[in-house]
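One chain, chain A, appears in both complexes that follow, with chain B as partner in the first and chain C in the second.
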Partner chain A sequence: MTEPAAEAAAQAAAARFAPGDRVRTRALDPDRHTRLPRYARGCTGRIVAVTGTWPLADDVARRRAEPDVEPRVEPVYTVAFAARELWGEGDHEVTLDLWQSYLEPHGKAAS
Partner chain B sequence: MSRVNDVGGQTGFGSVVPEENEPVFHADWEARVYALNTALVRRGAYTLDEFRDAIERMPPQAYLAASYYERWLHAIEELTAGPSGGKDD
Partner chain C sequence: MSGTHTGNPVAARVRRLEERLIEQGLVTDDELDAVLSAVLDGASPLNGARVVAHAWCDAGFRERLLADANAALPELGLSMAGGLQEQRLKVVANTPERHNVLVCTLCSCYPVALLGPSPSWYKSEAYRSRVVREPRAVLTEFGLDVPGGQEITVWDSSAESRYMVLPQRPDGTGELSEDELAQLVTREGLIGTAAV
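Moving on, here comes the complex of A and B:
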């Protein structure tokens, strides 16, 4: 059993991003299950929160075909995007929960 | 290469129109499909991610012609058919 505090520390250590960080979603287009929707690929957004660590759905979905592969467990973030960034129009924000491997750093943290 | 299910933001599908006083299920068989899938996931027959993957692997023509719970039934059949779980079919 892991102590809650130790677990939280381990999660914080594994988290590559923190609230306020600017990120860009990867422009991947895999021919398999993923939880990064097409409309949000290659877009820049802002980390709002770290929501915990979870097995990567892309990997879990492949367990029958590849039973020896252990799914990656990664931090999941709530990421805010300007609607204009996703759709080319709109003044509101859209938030998505995204796994860490969908994201890469993009510039400096927003102040 | 995105799969047919990934239509967020895509034009041509019209607006999402909520049904007034929409029932949870429109037919008894839909409730059975829902219960069957819940039982299979909880008993570890497959994971929810494998289930979603099976729906997304439907041929686009079949996916677009099917109702929501028809897609669920297709995935259940795909994931449980035969001793190989449908892999060799």
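Moving on, here comes the complex of A and C:
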């Protein structure tokens, strides 16, 4: 591991979710850049994989306007959503790579 | 190179942006060309085709590729490190039960090193907005009828993660060499909008 990568990993938030966990995406509509697409906000999905840790794209995009903001480093998860959950119809599945702060635990009530 | 992509409206907008940056002294054409060359030199769907053909012929490689594509690519002299940072690659395998198709709904993320420059439709708003919502209908328009019993997964890419589809090996190809198999694999097959 290179030094900056090791440093980033050391600073990174601990992984809060594991494959198989049910999660819900936050329904926020921020007035700045976010990598959580609108179509997947406030939706319930399933963690497929933890893909590593990356600087939060939302913070990275703010750096020029707010140089003091140090991008948070967070685990990124591949999350699968049923089409019916996203669109109210359809029999396929859509997977997205999402940062940890986009997600909250979703209880056993998930279908 | 950076000054020559002005043949369509998006390219013209990109060029205007480049010119603003050059005027401000933030970058030069030569620097832009150096970055583009680093990304594009050797980038071709032939690379993805070689990966697929090797995975069809070597079960161990297939397993390593699906488990950690970034670690497996160097076995064929390939890597995802050509850009500004190494991109994570995940290879998703088509099976009789599941068909995979790629998109980037937020922009146009795509594994250029393995698939070459992306087709214009991949960047179109129509493809990006429709394939996540009605993939079966979109694939039918591409001429690919996914059987009703075969489930579909749409992989929405991001700047940090890229995907490539590992198509199913066609029937009746047992006699073909790895090089001959690679010739069967198309860019559309690697995106998931066509069978191989």
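Throughout what follows, the second predicted complex is superposed on the first by the 94 of 111 C-alpha atoms of A that agree within 3 Å, B and C clash if a C-alpha of one lies under 4 Å from a C-alpha of the other, contacts with A are read in each partner's own complex, and residues count from 1 in each chain.
Criterion: a contact is a pair of C-beta atoms (placed from the backbone, for glycine too) under 8 Å apart; a residue touches a chain by one contact, two chains touch by 3 or more.
Keep in mind that what you see is a predicted model, and the values were worked out from it rather than measured.
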Three-chain arrangement built on chain A, chain B and chain C clash or fit: clash
Touching partner for A:Ala57 - first (chain B), second (chain C), both, neither: both
First, second, both or neither for A:Val76, with chain B first and chain C second: second
Touched partner set for A:Asp31, first chain B, second chain C, both or neither: first
Partner chain in contact with A:Tyr39 - chain B first, chain C second, else both or neither: both
Which of chain B and chain C A:Val94 touches, first, second, both or neither: second
Set intersection of chain A contacts, chain C complex versus chain B complex: 37, 39, 57, 86-87
Residues of chain B defined as touching chain A within the complex: 1-3, 6, 8-10, 46-47, 49-50, 52-53, 56, 85, 87
Chain A-facing residues of chain C, complex: 88, 90, 105-106, 132-136, 151-161
Chain B contact footprint on chain A (complex, rising order): 29-33, 37-39, 57-58, 60-65, 86-87
In the complex with chain C, residue positions of chain A that touch it: 35, 37, 39, 51-52, 54, 57, 76, 78, 80, 83, 86-87, 90-97
